[in-house]
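Quick one: this structure, given as structure tokens, is what I'll be asking you about.
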Amino acid sequence: MCRWLAYSGSPIRMEELLVKRDRSLIDQSLHARQGATTTNGDGFGVGWYEEGEPPRVYRSTHPAWNDRNLRELASGISSPLFFAHIRASTGTAIQETNTHPFRYGRWLWMHNGLIREFPQAKRELVLAIDDTLFPSIEGTTDSETMFFLALTFGLESDPVAAVEQTVGFVEQIGHKHGVEHPIQMTVATTDGQTVWAFRYSSEGDSRSLYFSTRMDALKAAYPESQELATLSDETRVVVSEPLGDLPGAWNEVPESHVGIVQPGADELRPFTPRT
Amino acid sequence: MCRWLAYSGSPIRMEELLVKRDRSLIDQSLHARQGATTTNGDGFGVGWYEEGEPPRVYRSTHPAWNDRNLRELASGISSPLFFAHIRASTGTAIQETNTHPFRYGRWLWMHNGLIREFPQAKRELVLAIDDTLFPSIEGTTDSETMFFLALTFGLESDPVAAVEQTVGFVEQIGHKHGVEHPIQMTVATTDGQTVWAFRYSSEGDSRSLYFSTRMDALKAAYPESQELATLSDETRVVVSEPLGDLPGAWNEVPESHVGIVQPGADELRPFTPRT
Amino acid sequence: MCRWLAYSGSPIRMEELLVKRDRSLIDQSLHARQGATTTNGDGFGVGWYEEGEPPRVYRSTHPAWNDRNLRELASGISSPLFFAHIRASTGTAIQETNTHPFRYGRWLWMHNGLIREFPQAKRELVLAIDDTLFPSIEGTTDSETMFFLALTFGLESDPVAAVEQTVGFVEQIGHKHGVEHPIQMTVATTDGQTVWAFRYSSEGDSRSLYFSTRMDALKAAYPESQELATLSDETRVVVSEPLGDLPGAWNEVPESHVGIVQPGADELRPFTPRT
Amino acid sequence: MCRWLAYSGSPIRMEELLVKRDRSLIDQSLHARQGATTTNGDGFGVGWYEEGEPPRVYRSTHPAWNDRNLRELASGISSPLFFAHIRASTGTAIQETNTHPFRYGRWLWMHNGLIREFPQAKRELVLAIDDTLFPSIEGTTDSETMFFLALTFGLESDPVAAVEQTVGFVEQIGHKHGVEHPIQMTVATTDGQTVWAFRYSSEGDSRSLYFSTRMDALKAAYPESQELATLSDETRVVVSEPLGDLPGAWNEVPESHVGIVQPGADELRPFTPRT
């Protein structure tokens, strides 16, 4: 099981969330508290956007906690929208091409969870990927396969529908292979403007997913915080496990829902796999 | 373009051929003389057999010349049959799962060359791989895809026919995509007893491939050599580029042929792709 | 904090102790139970002897649990005496040259613990290393510095006295720099015949260290065990944390003692730093 | 032997010089034309400055040509002053801490060349490093040792004098050990404002070093070049081997000289080791 974080809002140095805090993502790579595994040492990746540029990614197979380059980059790069992911492999190889976030054009994708019995289902899942997308697959994971299925099903035009169709398809193939609960996931994806964060599992018992509370509410609650004062009211963090212990700072995303962080009011919608 | 070496005969320490000689495989990783690229620094692998055991493999993404572990292992492990490969990527990612030799059960496979326009052809090639073999694919290279096609076409029962069918199929798919010369290859494969070494390219201009001359002939020619004296008459080395400068020590495998190193007399047969 | 294991006795495949068991060393790399840190993911190393050969080492900066090469080697190599170490860095860089076991000639050395305030003391410690040994230092750790100090103080002729002098010297330099408890250690060293295992800390509260009970006693206690039956009565395992849950299988080494595994009767002696 | 590049001037994306050109530094990592070795595959590093920030470094032990992260960073980071270095080890271990550029405070340092018989001289050289600097040494190379000697001898206040004293000291120790020509070097160092580039060898036959011609001259010579038009007249590149084939674009630094790139007129001064 993995850990991930998505940030959207006022540009900040990535180290603020990845390195500095007591329960930063790097801290979580050693000591996750709510995860299925306590160590996430099978590589990590960050993907970030800068003004008018396609996203860039830095990925490594080393544990996040001992990667010096990550600390250099996280202190040097400011971004208004970035993804970070620390990996605990569920079986596929430890290599950069299996490390999240995955990228296609302007899109990033990262996943915590798994497709159960993926080796048995993989061939049929991969066959459903669009011919023109197929050559862009670089790794061998269930997570990247889901990303390319979602792209096949229209991620770029209607993300929620595309992921609903992806999950429905994965469940259909899994059931065909006799898997009772084919999928467990929290997924984040973005086009550089909007972030979609999904929480779902076939068994209805999904891994944790949190949104930061609205900044204006947080600022009102903590008028003395200089740190909060500098962040725009639109700023949001979505995480698999809360960072830090600020009371009231985190809202849990309910089972089978998708949260949408976007300019204007954010949204929380039910998520229903379909075929 | 890559470099490889297959050894079969009296058990020797792998370092004898990988490290020690003036034109050892490690030396070739820095300075190949007959190859399309002069540096083969995109990883390497060795696969070896010991009495009654399945083959073991050691693979690394670092250049062979600066990998200390390789030197330790090559000095510590003696084997009667081993493969070694140094890689110069033709585009796919540098990761252990893309590093030769590939293994399936008792079989090893390594390749120098490429499938041209592989990204376009890959989907159709991969779809032809047997359902039960599909989950064993670990990497993303053209070379591993060829291995699993060959297994699909019966490598384990009739290796020459299976590789002929594999190459015929790759050419058929390539031609369908408008590729004039779809494949360039020297390939070695083994079940731990016999070594098959193929030299073929669609354009009839294949990369180099050499067999060592029969040891009994070499011994007769160099009666004073203590080094040769200890090797059995059956000992053979197959290489993409000759090691050392012993006159008369190497025979070139002709275009479109397969050499078979086996107990008893070795064989050299024409190789004809078929569909 | 690290974990280590030393094996001496009937030749066995290294995987028996490193990979296979429920609480193997690889399992401990993810979930140490008695250690100061629960994850030991900052690299690992193995060093082994074969008949009449100098020791060989395989070291990697990746976590032991996801290193495929380690599993291949551990299943392929049998040895009557081997060391294995999984690292949790106390500050020095994650690189192969900082990974245990360290080697000099026929000797291996590994350490769990630290020299406190090592950066301040390092210069004086390094200066005490013999001129002729100095060029053989490859890394930057406190542990390797201790090894070369011990070699300087006569490790090869009187190991216990040399380590006592090393620790006394480290404490003297530490106290000079105002460090109350300069050293914490369990150390194993060997010349390929005898294994010395030290447990000591300046504060008298040392990390755990266990010897396996005498095999003849274990065999008498478990006459039905086929696994134990094949091991010679001389076989011993020394570990920082017990492997498996066989009752009566492990004896704790007392504070400030050194255990000596050797042909004939093993020894347990008090350990007293001296200057 | 290594290759390096120092850039100072109008902020540009690092990929312009590291990746894009026909004879970019990455291209040189595979095919250096004027170097003692043709392959520089033993790791690489980049160090860069941004407005008001200490320098950051990204270093890897993989060959530059196959490191995807380097391409991502080089396309994402713009800087007015950066160093890049590709390494061909002269014997010390391949690890990030041995990879250039080295950093101390606001200073960067990189080196092409070697201290001959460094293992014999190392102890005396290291002993001369200031006590307070000693704990900051992270690696084991001759190049980093020279950096810390230069810092000891006053690099931060008078760089040319400090390097002259460093080289004089290295030669003195070398001669004492019977080494005829103790040092071979091109070295670049910077405080983030000024770049000093040294060319020297004890034998008076130093490796190549080039400065780009003044931009105003280049612009006058090539008025049609849009690429040149956007760069400030102060922009300079210093390289171990010229990039690209623009006639008149490169001036060779003479033997035993130091070039100084600084605000206002650049300087070229004789360089004389002293003790």
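A, B, C and D are the chain letters, set down in written order, and residue numbers restart from 1 in every chain.
The criterion applied here is as follows: a contact is a pair of C-beta atoms (placed from the backbone, for glycine too) under 8 Å apart; a residue touches a chain by one contact, two chains touch by 3 or more.
Being a predicted model, the structure only gives us computed values, none of them experimental.
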Shared interface numbering between subunit D and subunit C [over half = same, under half = different]: same
Turning angle required so that subunit B lies on subunit C, C-alpha fit (0 to 180°, nearest 5): 180
Distance between chain centroids, defined by C-alpha means - subunit B, subunit D (Å): 41
Junction residues of subunit C, two or more chains touched: 68, 93, 96
Touching residues on subunit A, where the partner in the complex is subunit C: 30-31, 38-39, 41-42, 61-63, 65-66, 68, 89, 93-94
Subunit C-facing residues of subunit B, complex: 50, 53, 56-60, 68-69, 72-73, 75-77, 96
Subunit D - residues contacting subunit C, complex: 93, 95-97, 119-120, 122-123, 126-127, 131, 134-135, 137-140
